[in-house]
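Common to both upcoming complexes is chain A, partnered first by chain B, then by chain C.
Up next is the complex of A and B:
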């Protein structure tokens, strides 16, 4: 038994160290490489400077595509919630004919690989209906976030007792009034969590946006892939590090203030 | 439960119509493209053409192989890591689990890009190998199946570990000591006790890792280059380089069939578990 305990007390830290080094190490290397003073991407970094981090903010295409990604992540998620909250409410509170079909249709975009959604949109929406690339990206990101919105909002609706709003209706409130005054305040955390999950999903999404790019219109991750194929300097590393800290910061704040992980 | 049917439909239909119009209908038309012949009939000749091409065969088999290897390796590492994590004190367990989940919040492009610094010609691995005298010239690790394997494993391992942690935590606490007292060795304990009791978690994690690997775009695009393709990078190339939309439709159908098969399996295991619960 003693040799077993010893083996286990050695095994556990070693395994954990190796796994975490494998999962987190590359990210730390990217952060270190982005402080390099040298001209090419390298580790250990050659000297220390902030020039690559500063350069990120001066690359015109990064600024444009960052703006586009931010617009899609905020606008697409907001649109998905505008569609998704009423649908979740109907699915959880009403006897709805064809409820399973509706649930499947709105959650389908999560199962189908993004590259297929992007190509299908390009060929059968953008080309035949002369839809602009920006609008097409907006539609694609809304469809992509919709399943997450419905899932997270449904989960928080299911956790809320429905007799409170029935009581509100019995006491003379309209159905709409009951929703906004009784239900909404109680599912606010779920809605915010859905927003954050949708934002991060949309912002990091690549395959959906691959085919939906035009002159000067690209999402940030697609632009980063295009840039790293041509230029081998640490600016993509710097940008990656900045974005990583941004999304970690958002999720940590969400966890601290909302208990994010309860909803996801 | 409210009974008003018109009200319910008014609330639910906008989302359903939107998803159908923007997503379902275009995707179905795209998939049907691969089954049409030039005069408007139905045919599977696009599929026989696709699979008779040796490059396509290579890419198809590579995608399946990488998916399978990444799933198996992540299961092996996942069990070791999950065992180690569930044996920790609750406070440490929370922190370590947080570190395992952390990469999921970082952009996959950033996570994959890091491997260029590590595996490149002048990367850390080659520097170390040459310093230790293992090789004289830099090894070509980047733009190979090995590089894609490493990238996919890093991307999806957290999903496997998380699934296995919850499976191990739901296992009866005395199952392992009981098996040990009855004389089972560690191999038998794993094979006959732990594996059957954590099967659902393994299947859930495995499905996530397998479908994720099959439908990966970013990892093969960055770490495989233009030569070592997987199905999604092949599909992108077919459209953007060759303008071959029929081949793209064929690949799309293959990807969807494989992801659906994996998801149906997942659902089946999940419902089997619910049945057991409701009986108990």
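Up next is the complex of A and C:
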């Protein structure tokens, strides 16, 4: 083997290694930093301790904002599904006039940068109508998750034959009954996948939430940014690592039990 | 209600939006009859079937079943069963639960439910498959589940959409026998939709041939096969040589041609390939194609009349491509057509 072919045969593995290092490296650094014994966020970590991980659970504002984020992720995603499932059903089963327009409008929050969505909500909804911050955040997260809900639920509806609904009706079920008896059970996997995707999206959302913060009302990521501006200790790294493991755990479980990747 | 009009379609007009698919259809079906709606795709046969099931709203006219006007009765209260072409089994339910679905909605529970489901499954020979999911069954088995699922509901009319088209040749015969047996045992009125004349001829008591939303001919399989009334039906059931008749002469590519014997008075005449006599006769043609089909041999002839298809016993001596042959279109064998389109 001459040096030329050796270089060529090493080229791909090296690129792959760099890509993986680039993707996973920051995460590994954060995980390592969270076990630091030092007082500042630094890499390589100084010594080993679990005290920053323990500290995460004692910071009062983290607890409040974690609660808020959890509420938004669960409530917002649930609301998006309540709106998104009927919308997906209508889009996939009926030849609606302007179906493409509806699809585009529904997907808009993915395409439009979060900063703009946040600013627009603040400027044209929150300020003129005096909407409370919590409600505004809830509406914003619902809107942000809606595109994912519609896309994932639509995908599983498109894979489901519509004549089973007619079959159910001819066997004595009402139209609505047919939806709950034969459509819902068959798109359950899609709905759960949409829920998980929506939950993670909402939970990690920063730009929109950044604009919609008020006294005592903050989502966890925004609160972490605020905390870092004042205190520069490794507890933020510890919290990040915990959240990352939580996300990985959820996605892994979803893939394991639902075949998550089929829908996304 | 007379016995001959158990199911009666009266001046039925069906439309998709502004497009009328079936105009003014009248059809009476007797109790216990096995009817085939036969026609090419787009002829309105499926549309008609969906209207009987109540899945398609009726634009005007009436559907009467067993003495009651069911035109505006919703499909879940009609006692009409439908076996879908795709079977439409519920993928999340087992075979047992699929069959139990409608019975449960009727309010059956416990031992009574179990007994009906078991006997339904036994009647289609699937009692050992009760716990399987539809995806674990073959096409033929899925269809039998669909049949059992509809039949346990004891429908007044059972509709079947292209019941044999998704099955291979061997299963077709099996399913055909099965459908006839179920029909005989239960006496249910059956209507099936098909584009396959062989299927209709083999299965039905009466065949309704449809074209462009209208009934072209109604008759027994023998009527349809031997005595088509129009060029459309003749073509559909395999008369390959069809000519209009003018003043007792054939209108052909070469003009009006005299036949060897006096034809009956009709708008047109049709010959199956087998009815054409090869070897003698007033007409001449050149062999352009030939195909061997075991018992018989088919020839495609280029003739002044146009293309002619003839079929002879395989034991007769073969003619090579390009050979010139005499042939006759015997008037007494031809099917007289009353309408020509």
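We take it that the second predicted complex is superposed on the first by the 255 of 264 C-alpha atoms of A that agree within 3 Å, B and C clash if a C-alpha of one lies under 4 Å from a C-alpha of the other, contacts with A are read in each partner's own complex, and residues count from 1 in each chain.
As a working rule, contacts are C-beta pairs under 8 Å (C-beta built on N, C-alpha and C of every residue); 3 or more make two chains touch, one makes a residue touch a chain.
The structure displayed is predicted, hence computed values, not measured ones.
In this superposed model built on chain A, chain B and chain C occupy separate space and fit side by side.
When the shared chain is aligned, chain B comes close enough to touch A:26, but chain C does not.
Applying the stated contact rule after C-alpha superposition, one finds that A:43 touches chain B and leaves chain C untouched.
Using the contact criterion defined above for the overlaid structures, shared-chain residue A:159 touches neither chain B nor chain C, since it reaches no partner. Comparing chain C and chain B on the residues of chain A they touch gives the larger count to B. Closest approach of chain B to chain C, taken over C-alpha atoms in the A-based superposition, is 9 Å. Across the superposed pair, chain B and chain C touch chain A at no common residue.
The touching residues of chain C, when paired with chain A in their complex, are 53, 55, 75-78, 80-82, 84, 86, 88-92, 101-102, 105-106, 146, 149-150, 153. Contact residues of chain A toward chain C in the complex are 160-161, 163-164, 166-174, 177, 181-182, 185-186. Residues 1-5, 7-9, 11-16, 18-20, 22-27, 29-30, 77, 80-81, 83-85, 87-88, 96, 99-100, 102-103, 105-111, 113-118, 120, 122-124, 154, 157-158, 161, 215, 217-218, 221-222, 232, 235-236, 239-240, 245, 248, 252, 255-256, 259-260, 263 of chain B touch chain A in their complex. The touching residues of chain A, counted against chain B in their complex, run 8, 11-12, 15-16, 19-20, 22-24, 26-27, 29-30, 33, 41-43, 83-84, 86-87, 89-91, 93-97, 99, 101-102, 105-106, 108-109, 111-117, 119-121, 123-125, 139-140, 142-143, 146, 150, 162, 175, 200, 203-204, 206-207, 210-211, 221, 224-225, 228, 236-237, 240-241, 243-244, 247-248, 251.
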